[in-house]
Amino acid sequence: MLQFTIRRILQVIPTLLVVALLIFVIFSVVPGSFAASLFSDGRTTANPEMIAQLNRELGLDLPLPQRFLNYVMDLAHLDLGTSFRTRQPVLQLINDRMWASLQLAVAAMVFAVVIGVPLGFIAAMRPGSILDSVTMIGAVSGLSMPQFWLGLLLMYVFALQLGWLPSFGYGNGSLRNLILPAITLGVTPLALLARTTRAGVLDVMNADFIRTAHAKGMSESKVVRWHVARNALVLVVTTVGLQFGSMIGQAVVIEKLFAWPGIGSLLVDSVAIRDIPVVQGTILVIVLWFLLINTAVDLIYAAIDPRIKQR
Amino acid sequence: MKLGFNILLGGGLTALVIIGGLLAPWLAPFDPVLDANLMNSQLPPDSTFWFGTDSQGRDVYSRILYGAQISLTVGIVSQIINTLIGVALGISAGYWGGWWDDLVNGLTNVMLAIPSLIFALAVMAVLGPGLVSLLIALGLTNWSWTCRIARSSTLSLKSQGYVQAAQTLGYGDIRIMMTQILPNIMGPILVMATLGMGAAVLAEAALSFLGLGIQPPYPSWGSMLTDARELIRLAPWAAIFPGLAIFLSVLGFNLLGDGLRDSLDPHMRTRKT
Amino acid sequence: MFKRISLAGVLALGTAICAFAEEPRHGGTLNFTAPYGSNFATLDIHSSPSIQEMFISQAIHRTLYSWDATANKPVLELATSVDISDDGLVYTYHLLPDAVFHNGDPLTADDVIFSYKRIADPANAFPGARRISTIKGGAEFIAGETDEIEGLKKIDDKTLEITFTTPAEPGFALMENNMAIYPAGVDVATQATDPVGLGPFVFKEHIPGSQVVVEKFEDYYDDDKPYLDRVNIILMAEGSARDVAFRNQEVDVSILGSTQYQSYQEDPALKDNLLEVAEVFTRNIGFSPEYEPFQDKRVRQAINHAINSPLIIERLLKDKAYPAVGWLPMSLSAFDADRKPYEYDPEKAKALLAEAGYEDGFEFEVTATPDESWGVPIVEAILPMLNEVGITVRPKPIESAALGETVSSGDFQAFIWSNQTGPDALSVLRCFYSKTAQSSCNYTAFSNPEFDALFEAAEAELDPEKQTDLLRQANNLLQDEAPVWFFNYNKAVMAYQPWVHGLVPNANELALQPYDEIWIDDSAPESRL
Amino acid sequence: MTEPLLDVRNLDLVLSHRSGDLPILQDISFQIMPGETYGLVGESGSGKSVTSLAIMGLLKKPLKVSGGQVVFQGQDLLKLRPRRMRDLRGDRVAMIFQEPMTALNPLSTVGRQIAEMYVLHQGKSWREARRLAVHALDSVKVPNPERRVGNYPHQMSGGLRQRVMIAMALACDPDLLIADEPTTALDVTVQAEVLRLIKELCAARGTAVLFISHDLGVIASICQRVGVMYAGCLVEENDTVALFSNPRHAYTRGLMGALPRLGSRLTHGRQRLVDIDSVIADRSVLTETRFIMPRGAANGESA
């Protein structure tokens, strides 16, 4: 198992390097520069000398290959560079924001799992029933809604009309602030989880070993607990892992809408002002996050399913 | 049965979008761009403006019809690009194997690791907002799953009799891929593409919200919704109808994709009966 | 020249809110919103080029001059008085005797010199550097040629002499928030995370991406102030979210977009608590002199006639703007109150186009960001109007970040922008001076000998009255030449909760408010008292 | 002899459908005596497996019993409350399935899956049940049972897995063992061992066996009596010896023809076998054969 773990973790590195290269290339040809973006709001006037000096200061006057070399060298020392805008280490900025994002993602996932998995389970127990149809139609509807739209509606209903919850912000990490953004972000994984759980459970329920279990004289509930749950879990874990990764992408929108101080909104803001080191660093961290989660999923998977380790 | 229901409702909604988009010039009572009279701004729905007007005084109904063209273009073209890339890479990697397979596999893993909205955001930043940029951004984003499916299907097909027979007959690689493999993996690919169309329409809306969508004057549902989000109090119709249009069309694509998958996958079918 | 204005003066001079000289209440918490982004990049205001961080420095720091929003001019802030030499170049400042920094250090001339040198230090490339270039020897220092700024001289701890290169009012440059005075005795590196200043509030906490909390500074040099115990400066960039939060009474102030402005005006519970001001921003579509049709003045005038600006302002911007007459906004003294805006007259526009040889019209693209009041939506609105006179216009969408670069490199047929046009008329009009490069701020590459002559005369003029008169003529000339479509001057609107008092109509930036003058009465929610 | 252990009387079974019920089994009747091994033989789809599932009460939704009785030790299983039936299943009537790979949960150790029997029916603790599972593995001649008990199914060969299934089925000393094609998926050599194992263990414990197979050879080697099923009907029943020496039904004769001659079974010689399909493909033959069925097939035309 340890060897398996190490191998899986080492596999992350080349992917990460290619992503780094890709992001570097993309953002070296992006139109607009940090220095020029400073006067795009029309508040200050353009000043070529200042721009030139700033570019020199930021090392943007160096040739591209040299910049990439410097970038990779820094990466090798786990240094993501310094923000153009804040002059702080990118790692510091990300560290400031990452925990809020994690908190949001975890909360959204907990919400999705706690609601989605049982729903999918119940639906699978009674396939074709009203409950099943409602759940599945609800799930596909949840997948069909623009998230910011849903978030806005939730905000209007629960914050403004009902006044139950605060509408925005981090609020020193209070749970009440977390609820609306987490629900909004959690709807997609919830829907997917309900669907995959249902499909997975149905799959398992039709498996031969479930018939065996029944033939042993096991009650329905014991069959579910002893044999169905664990086997359906494999699929659920995979979905959770994949969703956990892609949720960070979606979080960009949600964080922006709910003024949630996560790395998603840091990324969007940094793209907007062409604070390239932060953009690169944030994307790298997001990708690393995704890869690590997938590695973790593989490991959990291996722990659940003894057949995996052999491969 | 459920299977029929999915295809029926999904197909119906999709057909509605297609018909609306294609016939927009005849169905729409107003021009979506030029018939903007600020004197008419934010009128509630009535017999002239069925869905009311937006803040520019344009007919929301007409814009939604024309918007269907944009949404369809976004959905279809981006999925064609996705599918072409994914299928070409997937089949060739599965068929040839070797270093090419490793390369494609690595690339696929990289693409899967970058959340698609973030990748699209980066591409849009490079290309600038607009329809063509969006098509490219979304077209380059979501091919990895298609590629994986194409590759694994190819791998399993490669060892089968008729492919090997074609090889013995001296058919060229490309010809075998096109005639023997491609037709046999079209089912799942088609399902992916249909589901991808819904995702593309949603991505367009999300990018619009982030200020990177297709930009006016031509109406896209995402930008209509984004523009009207602050109007929800004053002119809710300007926000509700585009939102509904997105919801229903994506629902249509998703149901259609689900239905197609169910009917193409005999395993799923037996499970349902 | 002693221009310090007392609190009573400010309050009496006319903000609607403070019409009744109620006794300000001490204590309480203000939930202030910073609407221009979803993070504070730095707490070191020297390094910040943007408005966003000013929301913090406004509380924590002080500058040599400050903006008197009521009198509409810069006033001394950190000095009791200033003596000015006859040639208008040498200023001798007598610094506030009782001003102390948050760490207890008293304010001295050294602190000012230290701060200005840091701002101008070429190794830092700070945005405020160019403002130092108006001080004698500043340009050389910025270029790295000297180690000292020649024009900065300490007479004694509380007396500072500054020599300027031109007789222009130095307050405009030195009042900017990123010209803040830092204590010389504190390591500047800590300013980015734990700022120390002279301001009425002490830095307490920064939750990145969420908010900055500041608390009352007991030793603030203005004895009675601040009134508030605590200010939460909350990041809220998304307008619709801010709207919900404000209606939910979670925040005390909110800057409104045009749509919200309309709905707040229609809401009896909200409409009485709106603070409006004509901000010094001119929204315009600039025409490229490279693009052939725009080389003819009549075409540019025709476009100004063809667009019904008042209608767009009324219907699309919900009256959240004032129709622009010319380039300079109304609050500036160089604004000519007798001038009328271009009249909406499509027939005249057609005639002008015909005269210019464009009776069949022409096409052009407008490079535009998504901004709702000076971006693509406006282009969409003028599209049918210009279509009416035969001109086809297309928006060319661009990201906000790329606008500045695109325009200053001349890569456009036309662009739509909102440019700050105040408070200093001279520096604003410099942007149309032919010797100003397009890459600086002469975005339409305007070149007109008559204008140049007027501008040069104004620049050399020492008498403020005469200078204003020359600038007024130059501005009027600009209106006739129409290098841009003059769209509107922004009307900034801030909604505030009924318990908030002491807000001022700051024409430079309404969102920036003097926290030390704000107080809340006891009708505020329990949690804020 | 005495009372039959299992008495299936006029069992009818249908597939319910919106457009009406589709008959699957018609009027099936047979008896199994205590300790007897009874074989059910027939082509796949003839209804053998469905019959066994009906006895176990394990029919899935569209399938349902529409008539008849399944009397086991004097009580009609079809009328038993689900709870009672559950207690009976595994304890008194156990079952072995055809595919030992999929019939075992891939994510559980085999020990655990055997142990479940003791926990369910004998109220043993998991620790005790596991110890008993080792014994059970030993009794089905799994080598090294202490180690094997912690194995997952995928770590075992097909033959071992089927032994695990047998150990599981016989864990509670049932009175009746239903073996549904237990050797079909196995290698021929392994087949023989497994068959011998079932035979020996059941004989030793006096367990009656309902043995289902399409393979007449296998049936012949283990069963005392045989029922031949065809298209949902029991078309012929007799002592094994009598059946083989004198098959009365055309279908039975067809089956016999398809059987390699005794003794040459393992070698798969080149002699031509009669293709069973050629016998049954002709529908007219089918209808004709119905009329000579020993027991009622009045509405047989709907099959």
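Just so it is clear, A, B, C and D label the chains in written order, and each chain counts residues from 1 on its own.
Keep in mind that, in the parts below, a residue touches a chain if its C-beta (ideal position, glycine included) is under 8 Å from a C-beta of that chain, and two chains touch if they have at least 3 such contacts.
Since the model is a prediction, treat every value here as computed from it, not as a measurement.
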Other chains in touch with both chain A and chain C: B
Pair of chains joined by the greatest number of C-beta pairs in contact: A-C
Centre-most chain [mean C-alpha coordinates]: A
Geometric centre distance via CA averages, chain C-chain B, whole Å: 44
Cα-centroid distance, chain A relative to chain B, in whole angstrom: 22
Centre-of-Cα separation between chain D and chain A, whole angstrom: 52
Centroid spacing, where centroids are CA-atom means, of chain C and chain D in whole angstrom: 89
Chain B residues counted as touching two or more neighbouring chains: 125, 128, 211, 229, 232
Multi-chain contact sites of chain C, meaning residues that touch two or more partners: 240, 399-400, 402
Chain D: positions in contact with at least two other chains: none
Interchain contacts (touch definition) - all pairs: A-B, A-C, A-D, B-C
In the complex with chain A, residue positions of chain D that touch it: 56, 58, 86-91, 94-95, 97, 99, 102-108, 116-117, 120-121, 152, 154-155, 165, 168
In the complex, chain A residues that touch chain B: 14-15, 18-19, 22-23, 26-27, 29-31, 127-128, 133, 136, 140-141, 143-149, 152, 156, 202-203, 206, 245-246, 248-250, 252-253, 256-257, 267-268, 271-272, 279, 283, 286-287, 290-291, 294
Residue ranges of chain B touching chain A (in the complex, touch as defined): 2, 106-107, 109-110, 113-118, 121-123, 125-126, 128, 198, 202, 205-206, 209-211, 222, 225, 229, 232, 243, 246-248, 250-251, 254-255, 258, 271-272
In the complex, chain C residues that touch chain B: 239-240, 243, 257, 259-260, 262-263, 266, 308, 311-312, 314-316, 370, 372, 376-377, 379-381, 383-384, 387, 394-395, 397-400, 402
Chain A to chain D touching residues, read off their complex: 207-209, 211-219, 222, 226-227, 230-231, 234, 304-307, 310
